[in-house]
Amino acid sequence: MYFHALFIFSLLIISSSQAAVLDFCVGDLSLPDGPGGYACKKPSKVTSDDFVFSGLAAPVKLIPLIKAAVTPAFAPQFPGLNGLGISMARLDLAIGGVIPMHTHPGASEVLYVVQGEICAGFISSSDNKVFFKTLKQGDIMVFPQGLLHFQINSGKTSALAIVSFSSPTPGLQITDFALFANDLPTELVAATTFLDAALIKKLKGVLGGTN
Amino acid sequence: MYFHALFIFSLLIISSSQAAVLDFCVGDLSLPDGPGGYACKKPSKVTSDDFVFSGLAAPVKLIPLIKAAVTPAFAPQFPGLNGLGISMARLDLAIGGVIPMHTHPGASEVLYVVQGEICAGFISSSDNKVFFKTLKQGDIMVFPQGLLHFQINSGKTSALAIVSFSSPTPGLQITDFALFANDLPTELVAATTFLDAALIKKLKGVLGGTN
Amino acid sequence: MYFHALFIFSLLIISSSQAAVLDFCVGDLSLPDGPGGYACKKPSKVTSDDFVFSGLAAPVKLIPLIKAAVTPAFAPQFPGLNGLGISMARLDLAIGGVIPMHTHPGASEVLYVVQGEICAGFISSSDNKVFFKTLKQGDIMVFPQGLLHFQINSGKTSALAIVSFSSPTPGLQITDFALFANDLPTELVAATTFLDAALIKKLKGVLGGTN
Amino acid sequence: MYFHALFIFSLLIISSSQAAVLDFCVGDLSLPDGPGGYACKKPSKVTSDDFVFSGLAAPVKLIPLIKAAVTPAFAPQFPGLNGLGISMARLDLAIGGVIPMHTHPGASEVLYVVQGEICAGFISSSDNKVFFKTLKQGDIMVFPQGLLHFQINSGKTSALAIVSFSSPTPGLQITDFALFANDLPTELVAATTFLDAALIKKLKGVLGGTN
Amino acid sequence: MYFHALFIFSLLIISSSQAAVLDFCVGDLSLPDGPGGYACKKPSKVTSDDFVFSGLAAPVKLIPLIKAAVTPAFAPQFPGLNGLGISMARLDLAIGGVIPMHTHPGASEVLYVVQGEICAGFISSSDNKVFFKTLKQGDIMVFPQGLLHFQINSGKTSALAIVSFSSPTPGLQITDFALFANDLPTELVAATTFLDAALIKKLKGVLGGTN
Amino acid sequence: MYFHALFIFSLLIISSSQAAVLDFCVGDLSLPDGPGGYACKKPSKVTSDDFVFSGLAAPVKLIPLIKAAVTPAFAPQFPGLNGLGISMARLDLAIGGVIPMHTHPGASEVLYVVQGEICAGFISSSDNKVFFKTLKQGDIMVFPQGLLHFQINSGKTSALAIVSFSSPTPGLQITDFALFANDLPTELVAATTFLDAALIKKLKGVLGGTN
């Protein structure tokens, strides 16, 4: 016989009612959040389902122009990630599909090619040097935090990639949308990008921007 | 005369009503917590007593089988530690006493032998290499974050140690309890530890586990 | 024509109602705070004004004895900084003005001389070595976290400096005030500073301290 | 015409020779490393290939007993991850395959099921509560830092999963190996696990341990 | 008499030869660096000059097209900042001058208007919402980490601003340069920005890009 | 029989030659250090002795004036702590002994009274509020990072305390020494402390300061 005692260690055990900040902090989106993330759901209400997310399982409807889609599993979609320093997303790219130039202000990213062939790259901030390569199924590539990067389906079939981030809330800033899909006055866009006003107004029109 | 002014510096002083996030954040366990710890008690209600904890002063009742006990002073027990990156615990080991194999998922540990002699060690994750040594009174030993480690009274008197952690909520996962003191189905335990089902059921019975 | 699609990317966009922890967390000083800072104002209520602070624009009334003043723009004064790892303050020094020996317990500091000439320095903790220099307009100097430092107007005109900190809540502990402007008993001050009781009582009297 | 100047911005650009700590730090495994990771490869020698890793592309030879394999892409295998707060690994599980109970001392983990069906779970440190669930293709699950967890192929086909970690060096400590595949004396294993000596010696023999 | 002892505390003092990691770590740019910054200059060679930088004191030559200039005091220029979590830069804007759309991948920024009037703003990643405002002398504005932002001289005199960052190596990625001032193939730029090839080639020609 | 395979898991194991940044980083004081600590000793040369330190075991010679001594076990003394976020020190206080006002610029502290009675306290930076209390054997008290604090033997026997810090290099700045035990010119000390020159010169003489 290997153990002899009933209820041994009982004094060792920190009661679960006090242990909320131990181990995990499933986000409660109904409470005020803070700089480090969402407030924690009460431990007594946490179940296995809080740690599982099925929203990346099915392909989503692609966006016609880019023939692609990004499906995030960040803390707002998957609150079980809250406070754990990591998140995921799914990239679907049809033939010719493109994820346009974008940044994640709060995280580095690793991409894994589930199927297809993807040309991906990023631009260094120090000297504008470009690093890009064509990735085959099973290849992984890392994109350092905050840098402009892109993914293009460079193959003859649709492509699927899974990307991970070093934060539960990496953010996603697509340059075209940041510049043209809001009410930033045309003259400010022109002054800060050196594109001419007519082009900016056209792009604003297409992307739903105003001013 | 060294100072000449009354109320000098008054414009320098940040009013205490606004200064809640300065200096400290005594945990208020009645409020929702977040990934970084408990919400802060109002500064106006904080007293010297919030920064002092007497729960490690007296020896606690030992657990018969292991002839030992662990008494934590983590943030749930000592909310004055909240947010300050440190905590403590007390280890009591009678002659032959043992703190079984365990990990602290969220912190490194330093142990100080207050009295007696303790054989302590940890196992590296990279190559399963074991580092252990017999410690005399006054010796200290460090256990890197998250690694399996243990402490055994190897002397002829009872032993007392004070351990410190690099987090107010280091966590404590005792391997035997994690495997056998819950409702994890026997077949899952068997499949993931390669112990046989009969032994697992016996251990579950002893430790209060089910399934 | 450069863009062809209306409402493209719509599936890419994380809805703003869920995005509270992305990008920024303007502090809501009416809610309980936590170890990482204030809880976040609801994103729907955040405006451009939350990210702008005008409290450093005007010179403040100087304190007669030191002929100087410190005006903070820390998170309590400027909640838009909350969670962003940075803050500022303004130093005004008349001719002969002095910012007395002090520390910032939670941040390193960089000082920029807007006008005038300032002699500034800090004291290393490892060997009490002093690093100080006279700074001209446009010079910058860094003061490592937590170390005693000072600034003196060493020129023939008034001086203005802008200082930045590596935390939204750097704290400010002026040694003379910490020792003499509170109710710490004279005998404790004497025992821990080796100044004599008569001098301590005189300084306490001047600075508003008791006991 | 949108731009008029040649070589504009030239004063803005930080020369690449000085910019080593900007953006990324590809690990140079030939140099001494530090607490934060490997020293950086010289920027002038960094190419696109440094950010791509193909070692997860092909299935590896499975280990007969567990009918499974783990292939890491941590910083030692993929130095481009160095300092970026993230890494990946590939899990192959044949029918009946198992990744035994283990921890990652330095990171949280997210698992994505590329194909097949996987039963996965973890054990909380605060009350030994078990969280587990059967995951279908495309499901993701998060395992908080440092906690015991496992993955089992619960389907009728082989399974493939990609896991990501919140550190470039998450570590991997498999409980059975940590206890039985080294020279930790049998009496110490017995004293700290309550398994009997005969069983320990048998397991040591199987796993290559001694003493 | 207040002190009686010569050489008291001598046992308290950590010898400077061992104290390199205490207090500060002035960068030695001749040594390999790591993820956390440059290796430290030997403490015995550190002088007051290491903590002072005069490179922001004088206005620099403006770039004709943008009528502006950015002068950084990041760790590569001012190694005394290394490891201290903060840095600075100087912005000079002539009448009509502009700092074009850019990001700092590794830091939040606070801007202080030393003289003149500046219209500054940033774009949120979560919903492309724009926050901008005209700043007068003495106003400060914060720009959260990694987000696109800009500064324009909106007044009738030249303007000067001092900006601080929450990192010694914040990085600086100017969108126009990242897209057009390197060898990223025109077809990749076109595919990821939806600008047409002729325009891209024109911009590349102006900014010195190829391909 | 519980295990059937020889050499199972072999593909799981990350070779130790590549695993330097996993688990721990024992400091090699002969190599250049960085902002995060010392460079790592080669893993093949690391032994159990690297994780054990006996320098706190014996009482040290007390300093006559303060009737006390501080013995550090920081990373420079105990390189096994390097990178692990924690350190320790031993405080010996004879009857009437005092640890004078000081700060630790880089860490919070927890004190445990091994024997005797100690009056300890700290001063908040936000409003100079003092928190102090008399501690009995076994009591613990926390001192938040960077704040002025002190310890006095308030009992009728000698006292011994063990203190832990939330950093391997907490630093130690004793106010009296920082002000008077170096070559900081008397006029600068006078200007920044408002003590008169004669007193400063006397204190400098006693403590070995000059100028």
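For reference, chains read A, B, C, D, E and F in written order, and residue numbers begin at 1 within each chain.
By our rule, a contact is a pair of C-beta atoms (placed from the backbone, for glycine too) under 8 Å apart; a residue touches a chain by one contact, two chains touch by 3 or more.
Since the structure is predicted, the reported quantities are computational estimates derived from the model, not experimental observations.
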Q) Which chain's centre, taken as the mean of its Cα atoms, is farthest from the centre of chain A? A) F
Q) Just going by residue numbers, which of B-C, B-D or B-F has an interface where over half the contact pairs are the same as at A-C? A) B-C
(Q) For chain B versus chain F, which are copies of one sequence, does the interface use mostly the same residue numbers on each side, meaning over half shared, or is it different? (A) same
Q. Quick one: chain E and chain F, Cα centre-to-centre, how many Å?
A. 34
Q: Mind checking the centre-to-centre distance between chain A and chain E? Centres are C-alpha means, answer in whole Å.
A: 26
Q: Could you grab the centroid distance between chain A and chain F? Build each centroid from C-alpha atoms only and quote it in angstrom.
A: 41
Q: Would you give the residues of chain B that are in contact with at least 2 other chains, written as numbers and ranges?
A: 2-3, 13-15, 19, 22-23, 33-34, 36-38, 65, 105-106, 121, 125-126, 128-129, 132, 144-145, 147, 171-172, 176-177, 181, 194
Q) Who touches whom among the chains? A) A-B, A-C, A-D, A-E, B-C, B-D, B-F, C-E, C-F, D-E, D-F, E-F
Q) If you look only at chain F, which of its residues touch chain D in the complex? A) 1-15, 18-23, 25, 28, 31, 33-34, 36-40, 82-83
Q) So in the complex, which bits of chain E are touching chain A? A) 65, 98-101, 103-106, 119, 121, 123, 125-126, 128-130, 132, 144-148, 150, 152, 171-173, 175-179, 181-184, 188, 191-194
Q. Which residues, counting only chain A, touch chain C once they are in their complex?
A. 29, 32-38, 60-61, 63-66, 69-72, 74-77, 105-106, 168-169, 171-172, 174, 176-177, 180-181, 199, 202-203, 206-208
Q) Where on chain F is chain B touching in the complex? A) 2-3, 13-16, 19, 22-24, 43, 46-54, 56-58, 73, 78, 80-81, 84-88, 107-110, 112, 114, 121-122, 124-129, 131-133, 135-145, 147, 162, 164-167, 194-196
